[in-house]
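Going by the order they are written in, the chains are A, B, C, D, E and F; count residues from 1 in each one.
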Amino acid sequence: MRRLLPHPLLSLSLALLWLLLVNEFSAGALVLGALLGWLIPFATSRFWPERIRIRHTGVLLRFLGVFFIDIVRGSFLVAWLILKGPKRLRPAFVEVPLALKTDLAIGLLANTISLTPGTVSANLSADKRTLIVHTLDTGDAAALVAEIKQRYETPLKQVFEEENA
Amino acid sequence: MMLETVIPIAYALVALAFLLSFWRLIQGPDAPDRILALDTLYVNTIALLVLLGIHLGSAIYFEAALLIAMMGFVGTVALCKYLLRGDIIE
Amino acid sequence: MIDILLSLLILTGAIFTLIGSLGLARLRDFYTRLHGPTKATTLGVGCLLIASAVHFSVREEGVSLHEVLVTLFLFITAPVSAHLLAKAALHLKVKSLAALPAQDTSTAPDPALQRDPAD
Amino acid sequence: MEALIALVIGVLTAGGVFLALRGQTFPVVLGLTLMSYAVNLFLFVMGRLAIGVPPVISDAAQGYTDPLPQALVLTAIVISFGMTAFVIVLSLKARAELGNDHVDGHHEDSPEGRH
Amino acid sequence: MNALAHLPILPVVLPLLIGILLLALRSAPLALQRGISLAAALALIPLALALNDATADGTHLVYLLGNWVAPYGIVLVADRLAAWMLLTTALLAVFALGYAVRGIDTQGRHFHVLFQLQLFGLNGAFLTGDLFNLFVFFEILLLASYGLVLHGGGRHRVKAGLHYVVINLVGSTLFLFAVGTLYGVTGTLNMADLAVKLAATPAEHAALVQSAALLLFGVFALKAALLPLYLWLPAAYAHTSAPVAALFAIMTKVGAYSILRVYSLMAGEAAGPLTDLLDAWLAPLALITLALGMAGAVASTSLKQQAAYLVVASIGTLLLAFGLGSAGALAAGLYYLPHSTFAAAALFLLADSIARARGERDDRFESGPALPRARLLGGLFFIVAVAITGLPPLSGFLGKFMLLQAALDSPLLPWVWGVVLVTGLVSVIALARSGSLLFYRTYTAHDSAALTSPANAALAPVVGLLGLLIGMVIWAGPLSDHAAAIAAQLLDPRQYIDAVLGGRG
Amino acid sequence: MTLFFAVMTPFVGAALVALASRFGRSHSAWAAGAVTLAALALLAPSAHLPFAGEMLIQQRDWIPALGLNLSFRLDGLALLFAGLILGIGLLIVLYARYYLSERDSMGRFYSYLMLFMGSMLGIVLSENLIQLLIFWELTSLSSFLLISYWQHREEARHGARMALAVTGLGGFAMLGGFLLLGHIVGSYELSDVFASGDLIREHPLYVPTLLLILLGVFTKSAQFPFHFWLPHAMAAPTPVSAYLHSATMVKAGVFLLARLWPVLSGTPEWFWLVSGAGLATLLLGAYVALFKHDLKGLLAYSTISHLGLITLLFGLSTPLAAVAGVFHIINHAIFKASLFMAAGIIDHESGTRDMRRLNGLWKFMPYTATLAMVAAAAMAGVPLMNGFLSKEMFFAEAVHIAEGHIGGWLLPALVTLAGAFAVAYSIRFIHDVFFNGEPVDLPKTPHEPPRWMKVPVEILVVLCLVVGIAPALTVAPLLAVAAEGTLQAALPEYHLALWHGINPALVMSLFALVGGALLYLSRHPLTAWHERTLDRIDARIAFNALQDGLFALSRGITRLIDTGSLQRQVFLFLLAALTLGIVPWLANDTPLTGNREGLPLDAVSLIAAGALIVATFATVWWHRQRFIALITIGVVGLVVSLAFIKFSAPDLALTQLSVEIVTIVLLLLALYFLPQQAAPEKDRGRVWRDGVIALVAGSGAAALAWAVLTRPYDTIAGYFLENSKPGGGGTNVVNVILVDFRGYDTLGEITVLALAGLGIVALLQGLQLNAPSRDAAGRSWDADAHPAIMATLTRILLPLALLVAVFILLRGHNQPGGGFIAGLITAVALIVQYLANGAAWTHQRMASDSHPMIAWGLGIATFTGLASWAFDHPFLTSTFGYMNWPVVGKFELASAMVFDLGVFLVVVGATLMILTGLGSLHRGEPRTKEAR
């Protein structure tokens, strides 16, 4: 089973995306989508040997909600800051110590940070223990770090890294 | 119709965005600025294509937008990797 | 009604697109310029794509959702691009309004990680 | 619009020609690339300009543009891609064999950048 | 359709298939690869002969690719000229390959694949009836030739190769500009259809179509190495490996062929604004090319370089014949074409054996060690030199004789005779000097072990090519009659047009 | 075809002789003798014909359309020459057997000699002028081989090359002359030419024809001013000199004078040119001969002089002079061959030919001396010798011609003077060698030669005497038929006898004899004067200067043009293209602008075009800051794609976008190994020049585009739009064109791509480049080879991108997309893996060898094309059909889709092959620690 269907989640997503892609919800499209959903992960399984496990679906959904809201929030904030003028900005580099261990989770966190209000993840230390984040306008660096850890890192850790769901 | 007034305005805004990005690309001053500007130009182009699609009522521009999204990313990655490592495939 | 929604989406999208580029053009160091395109432009294009999806779903029979794919793509790639750009800028020590991070461990001249200068 | 396109083709050609006449391999490659843009555009517009009438058969179409130049340009793009790739690698080979990146293997014009 | 109906495509498809097969078999034993490659090249000869036979009575074999009629689909057109070119190519290929399989083919990768695809490109170019498809096959044969010209590498080869590649890339760009313009005016790409449409071009487009047609001529002139566009040739030919240089003897002829093919159709006697378009250009430029090529041959400092310049000179002679344009001159050129191809190939192959036999002196014109098997090498050199200088009794003399005779009616008579005769003499002087330096002014080598004695198998292709030249002398009657028949067909483009368009023109 | 076989015998013999030498030295001599005899035997049965007043002509078609046939003629003149060639040839064969030393290759010598003999025979027996010319040139070639026989000697090499150059010049000129002659007459057959004498002489092309032919004659027969090669040809072994430079090759020129005498002579042009050259040569040769210290040099100039005499006789244009000319040809051949052989014996036995060292040989070789004396007497024109007879006739004709002309004494006086010099050098030849004191420091002690070396000389000397004493009994019939053959008319009245009474000719002979003796006596002051003055004038210097000039000029021109500069080549090509493109506009008054309505301009297009233009300029401006130029060229590509989209070409846009990125990746890969920046150009002039040509080229392209875009046109496109769906089964017409209507183009195009990949693989073999350890600013590279965030997230993109690729591939036939774009997307998706994770990581996960993929792709495409043969359709005929499956529903299957799959595979394979090949270039393995 594992060898025949290495990434069921991915297969499902791909089949779904196929339907989006062909922009058509016919039986034929579904058959082909399913076929591709099986075939592509199968063909690329060597690129992605470890299986992704999602432990807390609820946490994930909540995280996604926060994420989307924060994107919008972040965009408005950045827009406002841009319009307000460059002179008012208080940019800074902030180091965020990481509790996450896996590359996938770290990557997702970094992406999340970049898409959400006023922050862009700029660099990951070689030991993968610290993420350097650039913020556009910040007063309290420690508060920002705390917010990042609480809002994004914790749920990500729960979803992707916590043993024994 | 409302769309017929909105779309030209949108065109103008996106075109202006395109110009600003291009200005940054020419202006620099550093290589990352120019890469960022090129990346932004790609995204601006997607916006233009989406507008064009709505305007002309044609879905034919969708693949181009999709491809621009993909290719723009690859270009940016390659350019950055070059700045970081020189050897982009090592 | 749909027209209003569409118009709103289109306008919002276009404005965000513009603001992103405006930030790129106006802000005064690379790191701050990075924020505009990463967020505002991405959202702007997202809005336009949604507008497109709505437009085609309404005008033609059947739902048109393939625009979601482009959006998804952008949302995955934009932060990666931003990250790499920032990383490159830090590596090049591009001048910054904020103090550059004190000791960047990954770019430190670790002899074990250095290439042999002879080659 | 036709004048604008002609202008664009002209500028691309001029830029390509100027770079193709440079002494180092890299600008020559850039020049060839610009020239191929120019000629691809040129070949394409030989089917005349048309907006919103792609050559995809459908009942709703109000008209079609000339598909033949498009097919030709596609072929031309692919071929020039292969050619460009080849000339890029060849320029590296020349760099290795000639010791510098001048197209004639000269030393005087190229103090080797900062390598 | 019977088997004969597919005949025109066979010389194209065969080398393609063999190329693919050899690519798949790239790890197979070398002997197998060589055997397949040689067998395929040999097989092209009967195919070409069959095509010559099928077209001898004036038939145009028109092959509708994809079963689409002209001018919409791409057609292959096998007429006397195409068949003649195919035969020349096939014969040349066998001997070039026969030389290569003695070890040069292993100096780099993919020699046989590139070689077969080169033949694919050449044969395709000779058979196509479509101008854009001609471009495509030009690119195939060029890219294959890039690979071949660089085969084995080395400083000089790479530099010459780079020049060859870049100048041809610029040439390809111009090709597209020209084809594009012609399409933009006529809306068609089929050469027969183009001929019909161009002949009917109204006067208000005159300069435009002339401009396009002349730009196209520029491209062909570059490939053919006509003045002032021959500068890529000497270095490229002199520095590449011998079998490749030998095969390249046909490369310039592709340009010459294209000039003949395209302008016999588009710029003949009743061609509207294109009537006699090339008259003012071709012959005068060919004359100067001949003169400058010969100057280069005289000035050369090594045998391969000299051979390369002699190729330039021969292309001057050939294009002079085409430029004069009369039936007699065309026939002379068409007889001279295989001759100059085989003679140049023989010289390149022989030069390689000589260079090896001379050790570190290579093929440079300087006193060197006495050669192993000097009699044999010297004798062959003498015969090749006689051939390439156009001295009696070999075919070069007959070709030039035909040309000079045909020039009697030309207003350029004094120029043609003057240049052809004087360059003939100059080539004799130059080659006498070369032979004297290489074979006569020798010293006894201290270390004769360093000299490679040429094997019989290495000289066999040279002998074979010389055999072809002798054959061209013995059967000069029928061959020159056939050349005249080709010329007659070319001078009556209506036949071609009717055959292709089937009255739709 | 006996004549043909007679001519061919020596050619075939050449090979036999070479072969025979393998069995022993003298075998080749025997073989050569046998070959010569065989040729004689082939001619013998026909030899009586001329004497019976008949002529033998044998013809066979060769290239009838060109008037070039194998045709042979045996008339009196031909017979005489054939006899001389073969007869003297036989003696030479015998003589050379003993002359050549152990170190000389007999086989080679005789082989060359046979080649030469055949060529000569061909000349004299030819009925067709062009065929004659072919043999004429063959004599030049074979004599080159003979003269250079002792190739290790510099003078042999130079002498041979000079002879070849001069006679080659003549040969090419004569080709022109014969072509004109053939043009005038309408045939190259001598019979036709002889029948057209008046036509020829009255034709406007007569003078050029004559000049060209005479150039051939004069060079071959060493007439002034082309005489200088002959003495240098004396570097050949003496048998060669005896044969070529007395009896045969140099006689080819006078043979031709004789042969064409009936049609070309009799005009003032002929008279002045031929007799003028002859007289000058006669005098010059005789004069110089006296002062040569080299035995063979003396004979060479003597030969020149006698050839001048013969030429002069033919120039005089009277039948009697012509008869005398033919007679002297015979006599000269006999005595000069014997003299050369005698000189060869002396050289052979004493080791030198220098007359300053050779003295008193009479004591050592009295027999040879006697033979030499008889032959020399013939050369001097002493009575009782054959030379006397023809010289008498010559003097008589000189007087006859001069009669009645003002200054008529001049010609007789000059020829008498020449006669006196001939006597003087003949005396010198004898006295200086056989008497005149003791030999000086000879390398060998001389003695008589071997028996058989003398025999040929004896035979010839006997002939000198016999002919001289009893001409009417010996030579008369032969002379008569030969003269008849020359004149192609009845013979004039003449009388061959020793004694004609006391007449002006006899007086002149006496004057010559006495004057010659006086000249010889005063030789010391004369020599001193000569060496101070005229000796310094040497035509060879002029020839060498001419030849050096030719080489210098050629080198100069070639260096000037071919500088090995690519920039110049590109420049010239552009210049040529611009000229070709512009000239028609100057020659016609075609308006640039047509009358087609255009599209209105819009702001977005204007902005995009503006960006493109600025980006192009930026690329040019920054081409030395290469990384930046890459970014700006990226903008250019983007806007070009936008233009494709704007003007309804989505397929193009997709392709352009994908290619653009792959190209940038390629350029980045390359840039790593190239200098990051280039120094500014020093040559401002070149920048301006290139700027101007770029401007003109750009304007030209723009004008061309404008001219077309403003004109209406008819196109075959309608057919594609109509037939795409019903005929090709696809609604995306562009794709249907690509895979169906013009699938053959596409097959070619993917072959190009495959070739690019293969060519690059071949190029990369053995190519290793030093990886720079620092970037352009001197910073060391970032240590993080594979940033984790990029690596992780790009892995998600791979399946996504592949999904898109499949989508694009499958829909291509009906919507924008297709194999090519899908292939590029796939390749790019995989390349991103290389970018993010490195080559080693990626290669653990996929096959690193792309060859099979390319082979499969090309194979699939080709076999899809071939499959149509099975259905009796031409190559690449497509088919399609609609399937209806349960659940799936109706869908289309088209063979063109399979073809497109082939395209896809080739694109993926080739692109990966190129990129990964480039990515693995740096020397050795990367030294960074692998992240994983």
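The rule is short, and it goes like this: a contact is a pair of C-beta atoms (placed from the backbone, for glycine too) under 8 Å apart; a residue touches a chain by one contact, two chains touch by 3 or more.
Here the structure is a predicted model, which means the values were calculated and not measured.
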item	value
Steps needed, at fewest, to go from subunit A to subunit D via touching chains	2
Partner chains shared by subunit B and subunit F (touch criterion as defined above)	C, D
Chain occupying the middle, per Cα centroid	E
Longest centre-to-centre distance from subunit F, chain (CA-based)	A
Between D-F and A-C, the pair with more C-beta contacts	D-F
Inter-centroid spacing, subunit E versus subunit C (mean Cα positions, whole Å)	56
Inter-chain centre distance, subunit B versus subunit C - centres from mean C-alpha coordinates, in Å	10
Centre-of-Cα separation between subunit D and subunit B, whole angstrom	21
Chain centre separation (subunit A, subunit E; CA means) in Å	62
For subunit D, residues contacting two or more additional chains	20, 25, 28, 38, 40, 42, 46, 52, 54, 56, 68, 72, 75, 79, 82-83, 86, 90-91, 93, 103-104
In subunit C, residues with contacts to at least two other chains	22, 34, 42, 44, 64, 66, 69, 73, 76-78, 80, 83-84, 87, 89, 91-92, 106, 110, 113
Interface hub residues of subunit A, defined as touching at least two other chains	17, 21-23, 110-111, 121, 124, 126
Pairs of chains satisfying the touch condition	A-C, A-F, B-C, B-D, B-F, C-F, D-E, D-F, E-F
List of subunit B residues in touch with subunit F within their complex	11-12, 15, 18-19, 22, 25-26, 28, 31, 34-35, 38, 41-42, 45, 48-49, 52, 60-61, 63-64, 66-68, 70-71, 73-75, 77-79, 81-90
In the complex with subunit D, residue positions of subunit B that touch it	56, 58, 60
For the subunit D and subunit E complex, residues of the former touching the latter	16, 20, 25, 28, 32, 35-36, 38-40, 42-43, 46, 68-69, 72, 75-76, 79-80, 82-83, 86-87, 90-91, 93-94, 97-98, 103-105
Subunit F residues touching subunit B - in the complex, by the definition given at the top	603-604, 607-608, 611, 614-615, 618, 627-628, 630-632, 634-635, 638, 641-642, 645-646, 650, 653-654, 657-658, 660-661, 664-665, 668-669, 671-672, 771-772, 775, 781-782, 784-785, 787, 790, 794, 797, 801, 804, 808, 815-817, 821, 825, 828, 831-832, 834-836, 838-839, 915-916, 918-920, 922, 926, 928
Contact set on subunit E toward subunit D in their complex	132, 136, 139, 143, 146, 150, 153-155, 158-159, 161-163, 165-166, 169-170, 172-173, 176-177, 179-181, 183-184, 189
